[in-house]
Structure formats: structure tokens, C-alpha cells
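Two complexes, one shared chain (subunit A), two partners (subunit B, subunit C).
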Partner chain A sequence: MKLKTLLATTAAVSLMGLAATAQTVGFSQIGSESGWRAAETTLTKQQAEERGIDLKFSDAQQKQENQIAAIRSFIAQGVDAILLAPVVATGWDSVLEEAKEAEIPVVLLDRRVDSADDLYLTAVGSDLVHEGQVAGEWLVNEVAGEDCRVVELQGTTGSSPAIDRKTGFENAIAGHDNIEIVRSQTGDFTRSMGKEVMESFLQAENGGADICALYAHNDDMAVGAIQAIKEAGLNPGEDILIVSIDAVPDIFKAMAEGDANATVELTPNMAGPAFDALAAYWKDGTMPEKFIQTESRLYTPADDPQAEYENRKDLGY
Partner chain B sequence: MNPRLYPLYATIGIFLFACLVCYIQFPFMASTRVLGNLLTDNAYLGIVAVGMTIVILSGGIDLSVGSVIAFSGVFIAVMLRDSGLPAPVIMALLLVVTTLFGAAMGGLIHALAMPPFIVTLAGMFLARGAAYMLTIDSVPIVDPFYDRLQDAYYLMPGKGRLTLIGVLMLASVAVGMIVAHRTRFGASVFALGGGVQTARLMGVRVGRTTVGIYAFSGFMAGLSGIVFSVYTGSGYPLATVGTELTAIAAVVIGGTLLTGGSGFVFGTLIGVMTMGLIQTYIVFDGSLSSWWTKIVIGGLLLLFIVLQKGLLRLTTTRLASPQAGAPV
Partner chain C sequence: MSFALPPVLRRVAPQVVTLVAVCVLVTLFFPGFLDLRLSDGRLVGPVIDIVKRSAPVALLAIGMTLVIATKGIDLSVGTTMAITGAVAAWCLDSGLGVGPAVALAIATGLVCGLWNGGLVAIIGIQPIVATLILMTAGRGIAQLITEGRILTFNDAGFAWFGSGAILGVPVPAVIWVVTGVALALLMRRTALGLLVEAIGVNRRASAIAGVNATVLLIAVYVASGLCAAFAGIITTADIRGADANNAGLWLELDAILAVVIGGNSLLGGRFSIAASILGALIIQTIDTGILLAGFPSEYNLVIKAALVVIILVLQSPQFMAEVFFWRRFGRKNLAPDTVKEDAR
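And now, the complex of A and B:
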């Protein structure tokens, strides 16, 4: 304690130095378990830099207790806002209440919490059903009324992206009797399983001759399936149409080589809309909607896949 | 000066140094908010580390505690949801379960003359598995009693919160200090840490003490689980993975000899606070990778192990050549 009083002058000086800087935002990230999340982290840092925001980044190493501690530290630091990508949905009430009492707005990124919605400013995320729907609508337009037998590579059984992306796709093709899902199995969101399951689809469907299109719940499985189709002596992208979701760099590479036809982007740029909402809130207290849906953009070979690949490959995917 | 106290002084010295570094860089950190956060955020770790200190003082190790904390949270959440029993009853029930669980491990360690490492490793898998058996989801706790516990805090000047769980942690440390340093049981623990044979010759009832030690650790893990469930307001079977190792690190950084027989419960509190401080510093900085926490803790651990080895050598050479040493 005595040491602290001794250093009071130094403190005051550096305090002024701190206060002079721009808006400070704390970001509690889950971890870096997937390429997508690493890209989200990179983009959040980029977005903050572009806007002149001082970003305090904390990687929770997949632990909720680390995230809670980080948020409490952000509050103690008196940041102007907190971004939170919650590792689980439960258990945020008390720390969010503390943030609210300290009048620090909290924005949730890409995942939701089960707390009351007055405890956070807004949530930014993607609508998974909508993603599936965009993929389905692309196929409907692409085949233009011709008969099409579709095989589907599902995500991890029971996971919400798998359920929602399946539902969205089915909604889009409902009412188009020319399109039919003939086989659907899980590829567990992985490249190797995607390849394996595609091989069995090809064998079961007359060596692949009866398959018109593949719908994969993520790009990784599609990349695996493309490999299997090539090994079966067919031409992916022509003999079998390939549509998938996520828009990771590798699918753009495949698209540039003519092996894939379409992908729907799950944007890792959740921070952009979050910062926009925060800027409006800081300016005149504008309350954003409680859920900000990110764009699920469709990419096809017409969108210069080689350039998209170059743009994304350094984001950490 | 008693060389046995050196590690404790080193711990306190490092902690004060860390405080100073933090303060110079981030004057904000000298606030009651940060102090309150340190106590609250590390409450579960501090409590479980007190139990771990007793275990390590006896020359043992308890790897089951992280899983027991997760089990406790899930047990409480599921029981509250499904059984309709009042929360205090469920908590009491849980403490009985975890204490018995610890006692059973202690009994096995003694009866089979097995290394504690193996027995508590089995306990770790058992408790984690049991947590998964109860649920695989994260279960929210909705209960008026819990709301009261979560809102129980004293607002310190400067808006820092001295929470109930933070106070409970300090109380646990106090109890641990009394148990370890002021009771017959504590004396037996230290004796056991010095060597089972000598302890037996000194008249320590080894079996009873071993069971008592692991039962105490089990109780503390259960208490820590309750605190963790208050802290997060939910039960999650994947929670607190690896917390047993963090607790061991806190104990060693706190100046307790990993081989047993020498150490201080108070040092463990300082160890926990040091680790919390490192984490806070990294969040305040905001640009360092959070993995630096682990790197610094690893470095500190290494430092203490080397320090302990050096002290051990120092004391043995003194004993060997009494004329060179200071009078006892």
C-alpha cells in the first residue's frame, strides 16, 4: 500500500496518457479451436484498427471461467464496450449484470446466451437456416427445372448447424419436385469423412452417374468429396454440381480450378456490424435490434474465386 | 531465520513485485474492483488449493479435484431441476458425497499401499464420467436461493465487490491454516509428509490420517464446486478441466514442498493470488496472448522447484557440518 502511494505521481501521469486514447473495447474470444474462429479474431483486430478502436483481446482457451474473469477485468478497466463470443449458453447472468451496472454495453458475437436480453446490447450472428436456404435456392435456379438427384453430406449429427442447414436447404427445394435428396449421411464436418462418405454415395449411385449434385453442410466435407469424385474418374463441378457452406479459402481454390460451383459465406466478420452498432450507440444512445443478422452471401465462379482465395488465405483459416 | 520460511518469503516477495509491476503499468489495477475480482474469480481455485495443500503436505497428490468440481456443479444443477429439494439440502448432500468420495480414495491408497497418483487419477475419470452421466449439456441453475448467494456482496469504496464466495475462500484459507498448523491432525499430516515409516514410529495413525486427508480434499473440492456453481450459475460437465494441475501449481508457487513435509497454507493463498494477478495483467494489457499466463506460471513453478532443491541442499549440508551452520 505504501509503495502505491509512493508511486501516485507516476500513476497520475500514465492515467492521463491512457485517458487520451480513443474508445477501448474488450473482446473475450472463446479460443482458436477452428480456422474460422482464428479468422474471426484476425478480422476483429483488423476492424478495430481501421476504426481507431483500442482492442483488448483475451483468448479464453475454451474456458468459461477465463471468459468471466476477463469480462470482470474489462469492467474494472472501465472499457467502453465488451464483445463476447460465449463458449456456452448458460451462466452469464451475474457478470452481464455487473457490466450493465457499470453501464458498459456488451455485444454477443456468433453465439447466443440464455440470459435475459436486456443484459446485452445486441447479438451479431448468422442465421444457419438461411444459409441452407441460400444454397438450396442456388441449386433450384441452376438446374432450372431439370431433374436432379442430390446427395447430402450432413454435419455432425445433432449439432445445430447440421440441423439448421439441412432444414434451410429442404425449405428451398420444397415445391420443386424435379429436385430430390436421394442420399443423406453425416460427414462430421471433416474432410476425411466427407471423402469416405462420398465414395460410398458414388458406389451406391451407379458409379456416380445418377448423381446430379452434392450439397455439403460445410466446405471441408465438399473438398473431401471433390477428391473422391475425381478418384472415381468423374469431373466435379460438371458431372456433379458442388454446393457447400462457409466460404473457407480452400473452396475458392477448388472453385478457381473449376471443381466447385457455389458456396455460401458464414462471415467471420462479426465485429464489423458490432462496431457499427456500438458507434451508433456511443454517438446518441441508439439501441440496435436485439439480433443483427450477418449477410449470407453466395459465391460462384463468377466472383473471381482466385482473388477471394488470396484475400482469405492469411486470415488464419 | 528458519530456512523453512524462505520459500514463503520468496512467494510473498514475488507477489509484491508482481503487484508493483502491474501498478506501474496499469494504475487502474490498484482499485477495489480488481481486488474484489481477484478474490471472486479465484474463489473456487483458492478453496480447492487449500485442500490440495494439505494433501501435498502429506506427500500425496489429488488429481480428482477438477473433475469433482465439475461433478458438483452438474449434480447441483440436475438435482435442483429434477428433485425439488431445497438448495441448501442439495449442497449438504453434495458435500457428504464428495467427502465420502475423497475418504474412499484415501482408504484405497492406504489399504492397497497404492501411489496416490494412480488412485486419484482413477477418481478423476470416475467423477468426470459421473458428471457426463448426469447430463451432457450445460444446465442453468434457476433458484431463488442461488440468486441471493450471487447477489450477496459488500460494495467496497470504489465500487469493488467483496462477494460472499470471495469471503468464503478467505475463510477456507483460515480454516486450512488452523487445521494444518494448529491441530494434532495437522501435525500428523506434516509427519506423514516427512516419511511414512518415521511418522509411524512417531505414533501417527497412518491409515486414519490418510483417509482424513483425502476426505478433507474431497470436502474442499465439493465446496469449491458449490462456489463454482454460484460463480457461473450453471452446471457443465466440461467445466474446470485441468484445474487440479492449476491448484497444484498454486500450492508449489505458494512455497509448499512438492514432496511433502514442509509448507504453508497461507502461501497457497498468495500463490493463487499471484496466478490471478498474472491473468489480470494479461487481460489489462489486451495484446498479449493469454497463453502467456501458462508460460509465466511454468517459469515460476520451475523457479520454485529449483529454489526448494537448493534449500534442501543448504539444510542438509548444515546438518552435516554443524560448526559451519548457525546455532539452531
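And now, the complex of A and C:
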């Protein structure tokens, strides 16, 4: 893997020497706090490679000052564009103004900032409310009017993915009186909490017999909950429907084994749309929309989960 | 009445009363709390879940009790759990089998304890600083082992440590009970417990009196590392994967809380392992109770904090002395005659 990257980078560098038109892009990444983030980094590097873009990568290790320093050094190097996955929302004004003065377009990845929107070219990200909605709509169609008591595993209390994914799901099931969220608790986005909280849901709901479906705000909690359901002697995927969000490799493994029913993808490929927008901008100055929403694709067992698992397992999740 | 109780029971009586009170409180909100039934030859019910789920904190609290008795503290136990879990998962992932995985995980825990003990006892760094090093750096080590991802395995033999059962009782529960009883016996049936307490009261004086304080200090940190290794094995087996970012995160604080609820002084000296374990059970009962009662998750921590404050206030000797004083004072004012009778 590493050798491959090295070879590819060498190839890209030598290509650059040949083609003077190759663009240089600086990428300031937050760090690698989660598997998803690691996959985003891997895919950004891959996308840059495919397009013959020279990517300068900087890992900020969850510190804003490192990101600001990285952006300043990108500006000093005179890169053609900067990709920024901001660790926090505030405090970017002055450094973004510096980039603007240097006429270097900045594209935000995944997270947003509170600065005026003329300070960056565009932002690429997913709509968290929409993700919840896709999950909810799947359940509405799946149960087709039959009564369904849903338990919900929320993300970390107060975090924006938890709030938005909950809102989206509730929007989708609003007006469908047959579907009701009977229990909702935080599982902190982790497997172990997902399992522990699901155990208590099962205890509280007649050993699980009264639960028709589980909605988890991320796949990891769903994977933990699936184990709890199995240990309670029930069959996840059949006795209790499982729908979650993120589309990490392990949920596809569960899906291939018939334990999970649906997942909504939070694509780690934010760089693809960003590079597309940049290519158009470099070519004839086309200004993209201020927010490019990535697709929140729904995956079910019909989508060959085994193949999806194989595709994703090496991305660094 | 109370003087008729054996000393051990008298020592843990406040914790037992608190645990019963918390159980009653949970039953009020969730009537099926005490239900027990047999399913597939294993006991099932909220109480069983609590006994099983309290395993990590109870195990950490056992080790932490000993460390705190020497006037130390071990902040690294949560991280040690993550490292040992990562080592175990890595062994299984590379096909080494269950035996080597458990052995290596335990060895890792012992090494972590040895590192802490060495820093504290030989180099003389303050325990809170010495263990802080491993607490922060160790998670990085765990992430290096798992390469930053959740390292999963599919080994039924290893998963048994998390979800298996012996005679209907969950394996994690058996592990913490056996560990607790073994360490308590080791401490109380020999002079070890007394020596540990002596170090906590005054390390220098105990060293001059002939206690090998350095070796004993290292030993208690190693014991803490061992307990953390057991906890790490259980949590890893439970989710069939090592989650270096989240395994054992902040559990050192729950363990310290369990020791404190157990009425042990952070200033070292006298300790009770049984009381610390009861403290862990109280914490887990509150946690599970909140989940069963079905409150919105925003209230989880507030409810837990409020209950913990109440429990600690009721345990405070000063507060209780105050209460007794005012009660007696009140009686004296109301009916002086009865006070005389009470005094008799």
C-alpha cells in the first residue's frame, strides 16, 4: 500500500516535470480522529493522483493553529488552490482573507465555517438532515403501512450530526402514524455504547419482542446493537430491522450476513466534487454554487454488500 | 444493633444501603427492574445486565483501590484497557489464537503497571503525573497497533470472555467477582493489606519500620495494570473488536468515583475492596437505570451527577455529624425528658 502510494507520488511528481500545467493543491486535514476521516484523506490523495494534481498534504492533529500555519505556508508556496477541512467553525476570517488577497481559491470540505461566504470558493459536504430523511423514508417504504415501534440510538448528545440526523428521520416519518419512536438514547457513536444501550432497550421492550426496527445515527452503534440483538436470541435484520448511516465497511459485512437492512452513505469522497469545481474555475473562472451537496446514497442488501465491503476495507476506515 | 455485624459488613453497610436505595429508585421508574428469567440456560434480566456491565469499572476499581490506599492514583487504566484490547485483537487478527492473545494482553497490562510503578516508586514522580503520561501517550500506542481503525475479529473463543456464561452467569461478572475475592483475600489473609495501608499513611515511616515500600508500590501499580488488562479483554471481547479511540475512555474517572463512593480516602490508608466494588455496582445501576427509565439522553449526566452528589454528601462524616447534632438539638428543645432517656 505504502509502496504503491510512493510509486504513484513519484510518478505524479515526474509527470509534473513533463507537463508544466499540473496544478498544485494544498490540503489541510483536521487529523485522523476517526476511520471516516482516514478514508477521506486516502480518497483525496487518490482523486488528486487520478487528475494529475500535485497534492500537498498537511495533518493538523486536531489543532486550528496548525491549520492556519499550514494555509499560510500554502499561500507562501503559491499553490493553485487550498482544500480545508476546518476543525472548528470560527476564527478563520484573517487567514481566509490572506488567501483571497493572494487570489488562491479555498474549498471547504465536510465541515463549514462561520466566515463570510465570499472568503471561500465553495463548500463541499453532506446534508445531515437529508441523511436522516433518507433513512426514515427507507423505513416508511419497508414497513409499508404496518405498525412499527422504532428504537433510536442517537449520536453524542448535542453534536450536530446527532441533532440533524434525528430531525431528518423524524421529518421522514412525520405523518406516518404507524411508525413511532418508542425509545431514544445516546450511544455516543461508539460500538460498546451502542451494544450496552441496545441491551437496555431489549430489556425494557419485552425482551425485544415489541421492537420492530432500530435506527442508529451511525453504523458503529448499529454493529454493536446487532451483537446485543443476537445475544438476546433474536435475529437482527429480520426480527428487528436495522437502518443506520455512514456506510462504513463493517456494516456491509453485517449486511452480507443478513444482519443489517440499510445504510445511508456519508461519502468520504468530498475531494472529487471539490476538484471538479476547481477544474471549472481554473478553466474559465466558473463560480460554483456556495454549497455542493454530496449524494446521500442508500445501500441495501440488493447492492452487493460483499463487493462494497471489499471496495472500502482498504480505504483506512 | 450494628455492633453485632462482622466488621466487613459494618464497613460496607452504607454502600449496601445506597445500592438498595438506588435499586428501589430505579424500580419506581421501571417496574420490571428485578425480573429474572432463564433463557437458553443463562440468566437474563436488568440486574444481570448490571452485574455484567459493571465488569470494567469494578475491575478497574479493584486495582485503583490498592493504588489509592498507597496515597497514589492511576489515571492510565482506561488507556491500558485500550492498549491491551488492541494487543489482543491484533493477536487474533494475525491468527495467533485465543491463548496467546489473552497471555499477551495480560503481559501488556503488567508492563503498563510496571512502567507506572517504576516512575512512581523508583524515579519518584508524583503518581498523578506519572500515570498521566501513559494515559495520554498510551492511546496513541493503541492507535498505532490498530492502525487507527476498529480492529475486528471473529473468534468465538475470545468473544466468550465478553458474552459467554458459566452456569448461567455472564463471564465478565465471574471474572470481576473472582478477581475481587482473590485480591481481597490476598490483602486481608496476609499482612499485605496492612503494609499497603502503612505506605499510604506514611511511606517513609513504613520504610524505616522495615516495609519494602518500593517493591510494594510497584506491585500495586502492576496489580492495577493487571485489572485493567482483564477489563480490556472483556470490553474487546464484548464488541468483537478493539476500538482504540473509545475503549476505556474516561473509565479511570468512573473507577476513581467507585473507590470514592466506596468510602475510601484519596489520602491513602485504610481501604476496602468490597466497598469499591459496591461503588462500581452503584454507578452501573444508575447508568442502566437511566437507560431503562427512558429519560431523554440530555438528562443522563445531570441525573447521574445529582445522585452521586447526594450519595457523597450522605457519606460525608462532617455532614452526618451536623445532622446528628441538629437532630439532638431539636429534640432537646422539644422534649428535654426524652433526651435524658436517649442518653441512657
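The rule we apply is simple: the second predicted complex is superposed on the first by the 297 of 317 C-alpha atoms of A that agree within 3 Å, B and C clash if a C-alpha of one lies under 4 Å from a C-alpha of the other, contacts with A are read in each partner's own complex, and residues count from 1 in each chain.
Going forward, a contact is a pair of C-beta atoms (placed from the backbone, for glycine too) under 8 Å apart; a residue touches a chain by one contact, two chains touch by 3 or more.
Note that the structure is a prediction, hence the values are computed from the model and not measured.
Enquirer: After the superposition on A, what does A:Ala70 contact: first (subunit B), second (subunit C), both or neither?
Expert: The first partner, subunit B, only.
Enquirer: According to the stated criteria, A:Ile242 is in contact with first (subunit B), second (subunit C), both, or neither; which is it?
Expert: Neither partner.
Enquirer: Touch test for A:Gly233: subunit B only (first), subunit C only (second), both, or neither?
Expert: Second partner only, subunit C.
Enquirer: Is A:Leu83 in contact with subunit B, with subunit C, with both, or with neither (first, second, both, neither)?
Expert: In the superposition, A:Leu83 touches no partner, neither subunit B nor subunit C.
Enquirer: In the overlay, answer first, second, both or neither for which of subunit B and subunit C A:Ser94 touches.
Expert: first
Enquirer: Taking the superposition on A as described, I'd like to know which of subunit B and subunit C A:Val124 touches: first, second, both or neither.
Expert: Neither partner.
Enquirer: Give the list of subunit B residues in touch with subunit A in this complex.
Expert: For this pair, the touching residues of subunit B are 16, 19-20, 23-31, 33-34, 37, 40-41, 44, 138-140, 150-151, 159, 161, 228, 231-234, 236, 239-241, 276, 279-280, 282-287, 289-291.
Enquirer: How about subunit C: which of its residues touch subunit A in the complex?
Expert: 30, 32, 39-40, 44-46, 49, 53, 147-150, 152, 163, 235, 238-241, 243, 245-247, 288, 291-292, 294, 296-298, 300
Enquirer: So in the complex, the part of subunit A that touches subunit C is made up of which residues?
Expert: 32-35, 38, 154, 157-158, 183-186, 188, 190-192, 195-197, 199-201, 203-204, 207, 220, 223-224, 227, 231-233, 250, 316-317
Enquirer: Please output the residues of subunit A touching subunit B within their complex, sorted ascending.
Expert: 3-4, 7, 10-12, 14-15, 18, 26, 54-61, 63-66, 68-70, 72-78, 88-94, 98, 102, 114
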